[in-house]
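Scrolling down, you'll hit the structures one after another.
Each of the next two complexes has chain A plus one other chain: chain B in the first, chain C in the second.
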Partner chain A sequence: MQDVSFWTVIIAVLGGAIRVGTPFIFVSLGECLTEKSGRINLGLEGNLVMGAMVGYAVSYLSGSPWLGVLAAAGSGCVLGILHALLCQHKRVNDIAVGIALMLFASGLAFFYGKPFIQPSAPRLPSLEFGEWSSSPVVRAALDINALFFVGAALAPLLSWFLLRTRWGNAVRVVGESGDAALAMGIPINRVRLLSTMAGGAFAGVGGCYLSLYYPGSWSEGLSSGQGLMAVALVIFARWNPMYCLYASLLFGAAAALGPALQSVGINWGYYLLNAAPYILTLVIMIVTSDRRGTLSGMPGEFVK
Partner chain B sequence: MKQESVILEAVNIGKTFGDVRALDTISLKLRAFTVHALLGENGAGKSTLVKCLMGYYRPDSGQILFNQKEEIIESPQRATRLGLGMVYQHFTLIPNMTIAENIVLSRADLPAVIDWDAEIKILQEKMAQMPFQFELRRLVRDLSVGEKQKVEITKQLLLDTKVLILDEPTSVLTPTEADEVLGKIHQLTQQQQLTVLMITHKFREVMKFADHVTVLRKGQFIGSAPVEDVNPQILSDMMVGGESLSKPPQRETLSDSKIKLNIDKLTVHNDQDLPVIQQLDLKVAQGEIVGIAGVSGNGQKQLVEVLSGQRSPQSGEIQAHGQNFLPHQNSIRQHKFFCLPEEPLKNACVGSLSVADNIVLHKFNEAPFAKWGLLRRGAIRRRAMELIQQYRVRTSGPDQPIAALSGGNVQRVVLARELAQDVSILVVSNPCFGLDFKAVADIRAQLLQARNRGAAILLLSEDLDEILEMSDRFYVISGGKLVHHTTPAQANMNTIGQYMAGH
Partner chain C sequence: MFNEKQLVLNRRLFIQGCTAAGVGACGAMSSLSAVAAAKVTMGFIYVGPRDDYGYNQAHFEGKSALAKLDWAKAVDEENVPETIEVQKTMESMINLDGAQVLFPTSFGYFDPHILAMAKRYPEITFLHCGGLWDAQKHPKNVGSYFGYIDEPVYVAGVVAGHMSKSKKLGFIAAMPIPQVLRNINSFALGARSADPSVTVTVVFTGGWSNPVKEAESANSLIDQGADVLTCHVDSPKVVVETAEKRGVFSCGYHTNASVLAPKGFLTGAEWNWSGVYTNYAQLIRDGKPIPNLIRGGLKEGVVKVSPYGSAVSPAAKEAADAVIKQFMEGNMVVYKGPIKDNTGKEVIAAGAQHAQQDIWLESMDWLAEGVVGTTK
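This part shows the complex of A and B:
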């Protein structure tokens, strides 16, 4: 009996890693791409909330959750463009703009999202890999959303893009050294605009996953800072898209720990364990910090 | 045989920034397949002129002719397409990328998807014809300054640059490296593969490697001539325009020479936690300049960082006047222990603060600059004005942000700050890096005066000539160890060269 519940917990945590980690994958890959171009967009939390609201609203109004995903990506695009355009000006600080946009986008999403709190929108379909099992915990754990596979494919794709394509390398050059980019004739602002825009779109998709799949409805407390944690995650992942994927899953697993234990009847420390991802963020930042110098993998433009 | 056709010509170029007339109807003729030296002091307008040619600035007036045809170079890309390339003093290589990535990514016709293996193979084949050879997969940040310089030049050659502009190409190189680089460049021009415009301060290089020379002074065109028709004296008169240079003061021998700075078994690690200084012992006595010669990247930077308090040593002790020294404000003041690090704008100044604020940076909270915990702006300004005059700092005033000053003038401000006070121990790193010879003469004279007043001076320099001229005795550093000790009088250049190269 003890043995069975142990494996149940493990499977539930793994399933939870995927279920909870998916939005982290999108946001962290978006942030990774943006930061590779030499800008930090802290506004992705806002993109996430906005994406959740827009995705849910469009899915409700159109009846198609996939249309909702597209709309969420679009809303992220718009916010990303806004961030990039504001940051183009001299002496505008990207972090301050990010925080302002985060508050702006969240507020806007709450305002326009009021009518969508009650109604129920069509949700994103998932693939059921757990049908062989009779255990409801296992079945729930292996219920994997299609967006996870999109995110999991996006990570190697982004790696390949950054290392192997002309455009991806332009992003890296711009992020590593503005001077070098200038000398090579790469239009710095345009590259950053496109990177921030695409990064914003990723975060928007991450947001609609929250409202259209898990937890699966639109409410104002939906994100609880996941967009900000994704920023920490990118640092932890050393600006490497594949590591972003793994780190997202690790965060997801940490978040799933509490519910997984509860599902087998262990209620001890439930709320404390819910704080696991936040504690993990702090621990990771402390462990990976280096008081002697800069982190390896950090885009050169941040070091100046 | 040299063709005498003009490949690039600047006609009556004028450029004004605000109230400053940076270039006043300058003309320059660059003959094909020659090395043309552009000579001038800091602020003479060399960089501005070159930036106009490279499309970073648009001249207010005048024309640029390329192959006798007028061209409007509105952007650096346009310059690149014409076949103009430039190696900057501050390298534009990307430290976190490999040599291959740096070279391939600057190609104009980069394919949408890059096959790195194939690119590197092509590069390797092309490299065979290049004057310098590298391991293409090395990261640029692991290269020495000299290697970076060579990569920059190679990159330009691989990009089919016809006219190469070099901005003080040898200021970071050892004498041997400088001769190697310039020699090979000169050879390429003789083989009719390249035309070179070289900004420089060094007469020796002009006389040895250039075919023509143009001198600018304060934005004015002073003269242009084949190198056969000039000599260093003529050039120096043209550059300075009759202003006199600081005479080096006599070296005085002090009777009593007690040890002021004692470094004992110092071990220092770098950012990657690898030892870069190992068990280093060093003593500097009152009234002597001890030099440390060596190629950059052999621990000099970290040694200065430890002495200035920017880095903690792994083990070992630093003693000032026989007492253990930790670089805290109180002990710095007590021991009058000051540092003049390299890249002073980055390491010893706050760029956005004014010249005056930077001058009192060490003691703005002391009388007479502060009273009852409040700053006394008047006193700070007066002090700044004094030093600006005394050290001939070229600035629009004490309120100008220091980052707006030219490199030589930033160096003068920092030197003024450190030397105008009573100094007992002074650590100086590459004090004359990238400065023109008037500033160099000034700074060296100041250092010698400080020595004669009884200061113990530790001078780290990549410029061997500077070490030979300035120090009473000196060491050669290699791999974080002092491998050789001698005096300028007894120095044997061959031996020193071998120790510097790590043999």
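This part shows the complex of A and C:
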């Protein structure tokens, strides 16, 4: 009996890593791209909330959840553009703008989201990879949303884009040294605009995953800071898209561990387990901190 | 809606009159208080959104019932955190809206916020939803009202015990405070009265509103074989919907959640604040003293049982109806010995019993036999 429980916990945690981790993947990849271009967009929490609301609302009104995903990406785009346009002026601090936009977008989403808290919108379907198994645990864990695969494919794609393409190089040059980019004739503001816009769109998609798939309904407490955690995640993922993917899954697993253990009757220290993702953030930050002052992989523009 | 229209009309007429008499400048000011005095003005404060299928919606529905009375005016504000913010909200309701009675509904509003405001505004009445008022310690213009919601929770437990095939039930709870533990225990006692082999597994999420964790807890419990889920968090929406998606039964909490799970919804425990708030309004209008403590269960109409879902079997209905009848007659005691806790210790001896009104139940710190979980 104990053995069976052990395996169900492991499977539930692995399934949870995918279920809970997916929005982290999108937000952290979006932030990764934005930061690579030399800007920090702390407002992605706002994009996440806005994407969740817009996605749910559009899915409810149009009847098509995929249209909701598109609309969520669009709303993230708009917020990204707003951030980039505000930040391109001299002496405008991108962190302050990010916080302002986060509060603005959350407030706006709460306001326009009011009528959509109660109704049930059509949700994104999941792909059932567990058909072969008779165990409901395995089947539940292998019930995976297509957006997870999009996110998982996005990570190597973004890696390849940044390292191997001309456009990716332009993003990195702009992020490493504005002067060098100027000398090379790269339009700094346009590159940053496009990076922030795309990053914002990713975060919007992450948000609609929350409202349209898991947990699968729009409410004001839906995000509870996941967007901010994903931004922190980028730092210890060393601005590497593949590490962002792994770190997101680790965060998902950490969040799934507490409920999984309690459901088999292991109740030891559940407060501690519920705080696991936050403790993990702090521990990784401390362990990976670098005495020389700058972190490897950090875009050079941040050091100035 | 109706009230506000009338208010505007009155004010307009009043101002017209004032202007005619040549005192238009002060007219707008005095008209407000004149209207307020004619009406009973009540202010409601919620910690979350008022349409969340949960605790806050239940209060909002109660507040909305006051709209039918043309001599009462109700104002409200949602999403007010349990911080100094709530004091500002109370102050603005008193000074700007002219509220005579305030209903700050969240547990954490009481100490220190309500107590501080009660000292500052001794002429205003503060009524808090919860059981915290103590005649020895607290000001006289403060009071508490609460319902024995564990009565309908017990009934839901009876239905769940009948309907479960795996004999495993799941309970998703915010945190181990006495009120929550009492619901868990009543649910378990109800279920085990139907079938003594039933167990209830508890998962604490650590917060009143944490949708991702609630969904994860629901999935974990279903993975472990639970086939009826219920919860005590701010909004049962995520839990009920997840249960429906995974094809298991669910019992609601706070408000009627049957539309969220047309196939698997069994029943649930609901508040019935409309009656309570209307009674308060009547007392204030008549100038009668407001009791500092109001409590009630199914019999007093403070709480109710959600209509049974389509899946509920006739046998389960019959058993539940019999229990409801006993509650309505006032003969039902949930906490009747012998009751052991889940470590095997006897907490209520054979022959002893604790009726609903018993204050001892409000410091509950144990989980009954058959509950898998811990309060530590």
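By our rule, the second predicted complex is superposed on the first by the 293 of 304 C-alpha atoms of A that agree within 3 Å, B and C clash if a C-alpha of one lies under 4 Å from a C-alpha of the other, contacts with A are read in each partner's own complex, and residues count from 1 in each chain.
We adopt the following convention: contacts are C-beta pairs under 8 Å (C-beta built on N, C-alpha and C of every residue); 3 or more make two chains touch, one makes a residue touch a chain.
Only a predicted model underlies this, so the values are computations on that prediction, with no experimental measurement involved.
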Next on the checklist: Output check: A:Leu182 vs chain B and chain C. Expected answer is one of first, second, both, neither. What do you get?
Outcome noted: first
Next on the checklist: By the touch definition at the top of the document, which applies to A:Ser5: first (chain B), second (chain C), both, or neither?
Outcome noted: second
Checklist entry - Who does A:Leu127 touch here: chain B (first), chain C (second), both, or neither? => result neither
Next on the checklist: For the three-chain arrangement built by superposition, which of chain B and chain C touches the greater number of chain A residues?
Outcome noted: C
Checklist entry - Which of the two partners, first being chain B and second being chain C, lies in contact with A:Arg164: first, second, both, or neither? => result first
Checklist outcome for this item: chain A positions within both the chain B interface and the chain C interface are none
Checklist entry - In the complex of these two chains, what residues of chain A are touching chain C? => result 5, 8, 11-12, 15-16, 19-20, 110, 114, 117-118, 120, 136-137, 140-141, 210, 214-217, 219-222, 224, 226, 255-256, 258-260, 262-265, 267, 270-271, 274-275
Checklist entry - What part of chain B is in contact with chain A in the complex they form? => result 75-77, 80, 86, 88, 90, 92-97, 101-102, 105-106, 108, 110-116, 271, 273
Checklist outcome for this item: Within the complex, chain A is touched by chain C residues 48-49, 51-53, 79, 170, 201-207, 209-217, 219-224, 226, 234-235, 237-238, 241-242, 245-246, 259-260, 372-374, 376
Item to check | In the complex with chain B, residue positions of chain A that touch it | outcome: 163-167, 169, 172-173, 176-177, 179-180, 182-185, 292-294, 297, 299-300
